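To keep things simple, chains are lettered A, B, C and D as they appear, and every chain counts its residues starting from 1.
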């Protein structure tokens, strides 16, 4: 009987973690530990679904078990998720929202057929992943971070809060703007030192930021010195980030912004995801997604 | 946010059974019972998986709940099953193996990626179906049927045994040839009056048929009269059916053969599945899959 | 525009007599879909011919006997019937079809019972049902096309669709649709034989579709339909041989959608006024919208109608709803204009 | 044929310095894949150049800095690098990519840092790793191509691959690859500038690929690679506008496989002796076999390498195993012959 299985497009192969050292073909491979000089990053592999939860209408939390990613994911990095529906070949890049043991959490909105399919995953299913990818936020040991997120830009900031919590002298304040339901306040609240949030019916994150400064100033002198320590990490819709960048510049604050772009690969090959910077076009997927306001020249 | 969901190819629509009378668009429809003169066959729809069982290495039984199909499926008819993987658009035609209440059973071998995906279905999953399709076996109230099946040709003969069991004066003898494991003997044994089977290490169905005649003749006179009543229903690999047709002709027995063909639609539109007959090219999917030896001119 | 309501009695009868045995399959248990008094909010008009809605079936993927059992085919914008030739054609050897990623490859070879049979059988039945009929015309030579068009001139067909993608003996085995001069010559000849709206169906297997489209229009085409299938081969890796007996076949289905939309777009840019029927990879109303936004006046559904017989009607229904939210596009289509 | 073993030290270094921040991603926990002493059983040879195995990467879907972090790129049959132009090109505006059924549409616009940068950066690094390098050449005019080829003539590149699918000013904005005369003229000119094996990469957007292929061969091409992408458009049905800023893009991925295989087949039928690199829709070893059975000497993997960086190596490994069971095909490939 004839085989038309030539269509098994993009099956996930040698999972670096699951079976490192065993190639599917004839290339003889050795245990990774034997040969430190020839080790490589794990490529596309399948990860197991640990939980799927609807946070609010159309917004989901998805936990995947992937040891490598869990142990290497920095705040601001993302992962490619791939669909079982092999007609939809492109990756769905999602920010890494938090890490617990070997498990990585994503938070995403259903905006199209791909995210709809991801939202239908069930515990025990496998989902192909690649990552962690990209350059995340740069965090210093000390300082005060304002995590300014809008809508589905909040996931990488949740991870930032989680990492900052582990730093000795650093503090984080989540400043989140939602369309409607405040779906991530609880989640970030586990890690952030304080959380401010707002939705469209009430105002926007700039209102919150202004309020935060007012409150800080009203606590008395020393604020100017404290402000020197403040750094903004932001992710959200383009217009929001433009406003945040402006706000930061007016106050002389450092700001790192995480951008979105339509991606073909997510790891620096296809040159689909470029954004203009002061050093010319840069790839959002590998040079970013996090850039400083200075780099972007915003 | 832009929608690329224009790719939701082949979603199953108005399930005739599930929501007859409610169009997804603007066409106002009425309850089917209101308007007898404008009723149509149910089109592609989704059915629920009731069980998946491995019968032997690479051979599976799959039960789907579909009221319409269960109530209309005749022996020799088949159904189109469609895959969730929208890159694989063509139907996988499978013979209807048995019916119980609202549930239809299929028995299939994993021969390629499509059947592999079907074998991975889990209880509660939905699978798109269309059918029953085609012209099945023609059964008379009385008579003795030899159900001669080879390999994955046995499923429609199981259904034939089931239907014959319901006829007053008819008897069925299953004569099955397998490659190795006798995976359907139990299943057909529930319905057939007797079951003979053989595998490749032992011989073929022609051996069995010869033995059956010998045994019949050894039971004494009246055999010739009894042989007038005998009709063969057969489904299996092409060479086997050629041999069965020959065997039947030599003995002046009627024989109905169920053919296979590569299909584009399965319901008579695309003209992909034709087979030569004495009346010219006929469509296997709608004029068949069952043809008499005379029609085929074999 | 209100659609006419027709009892699909012809289709009914057919479904009961089509096979060799009584299949036992019939709409006799009150479970099948019923539709009556459908009201289409958004119609279109193609080369002066009103379509109830902008969705038709593509040639070769519609057959009254088969599809009429599943839905009221008169509810479609139009039905384009299987290509008819002057005499019955046997088509190609089997296998005639293979799967390809998000597509299928077919080489049916235009098997059809010929124009005379069509004129006494499928066409009158379709007209009795109230369907808007686009009669697809096939030929292996210029004379073939001329003979068929002549016979159809006085028929009740609403439009003719000249399929110029078949390999053609008058043109040394290449398709007439790949050479502007040869095509212009053929269409000029056919133009003299009929006053019916004549759609020329173009092949995508060309370097530049614009000169071909222009040649057809200059020679008298009233509208263009595009695209036909792309040439493809699937190989069985166990044997090393092509799966399809004819070796090459035509690729259709979702896979070809971006290619089809690009051809509609380019043709529309070059020829702002010619009515265009967009074809290629349409299996949802959103797919249809892509063609319409690229500049088509209407669409035809091909492979998708093989994978779900009611797909064209479902797409028409869904599109009717989507056009509610797109009044500007709907208005243009209604008036025979296009988005671009 | 035994592959050389190289420490991917260059790629290693790059992965640690490629970004603006330290990503914390590194092969530092002993979990990543290791490969040493791979032995390829089935090699091939293309225009006299030995390939360790019949699988390479397709141009534009391989980048050392990105891919070298994931696997030992020297293990591939060859790597075809991103098209290089005489001076750096900025490429098209974004978005540059969209999904289509079983495919993707891209309009990167050949953004690249130019041939001079390539000569001091990517090429020496690849050669240091031991990779077999096919240098893909882009141009907007005949002079562009000539300049690049001249600069590459003395480079360590193993083969040149002339991409004649780009819109070309010397040819009024159409691609040089669509006109046999214009193409022949260009290739003749380039032939005089280099003795390196020269592969001409053909576009599928033509009526008949055979006269184009023949023109390239007659003008001195040592091999052909086919196909490049098909022209396509995706439209955003919310706005009615194209998703890709450039409007049209190139369709690649599984969707185009049957079309690509048909072009390889036809070219092989017409030109029995020219080495052919089959490209288009390859994402498994079985897909590669389709191209090889159609008459290709080797293949290049494109879109699939964007969806899994190690896909080309995985396909090479799987193919090596599949060729065990196909000694006749393996033997032909090893000797520079083909199945058809």
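FYI, a contact is a pair of C-beta atoms (placed from the backbone, for glycine too) under 8 Å apart; a residue touches a chain by one contact, two chains touch by 3 or more.
What you are looking at is a predicted structure, and each value in this text was computed from that prediction instead of being measured.
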B-C or A-C - the one linked by more C-beta pairs in contact: B-C
Between chain B and chain D, centroid-to-centroid distance (C-alpha), Å: 47
Whole-Å gap separating chain A and chain B, where each centre is the average of the chain's CA atoms: 51
Centre-of-Cα separation between chain C and chain B, whole angstrom: 32
Where chain A touches two or more other chains, by residue: 3-9, 86-88
Contacts with two or more other chains, residues of chain C listed in rising order: 98-103, 234, 237, 253-254, 286, 289-290
Graph class of chain-chain contacts, one of line, ring, star, complete, other: complete
Complex contact set, residues of chain A against chain C: 2-4, 6-7, 9, 86-87
Chain C-facing residues of chain B, complex: 3, 5-14, 16-17, 20-21, 23-35, 37-44, 67-68, 71-72, 74, 77, 82, 86-91, 130, 132-138, 261-265, 267-275, 281, 286-288, 290-291, 295
Residues of chain B that touch chain A when the two form their complex: 1, 3-5, 7-9, 84-88, 111-113, 116
Partner chain B, residues of chain D touching it in the complex: 98-102, 234, 236-239, 243, 254
Residues on chain D engaged by chain A in the complex (per definition of touch): 7-9, 15, 18-21, 23-27, 29-41, 60-63, 65-67, 69-72, 75, 82, 90-91, 94-99, 101-104, 106, 108, 111, 253-254, 283-284, 286-287, 289-290, 303-311, 313-314, 316-321, 324
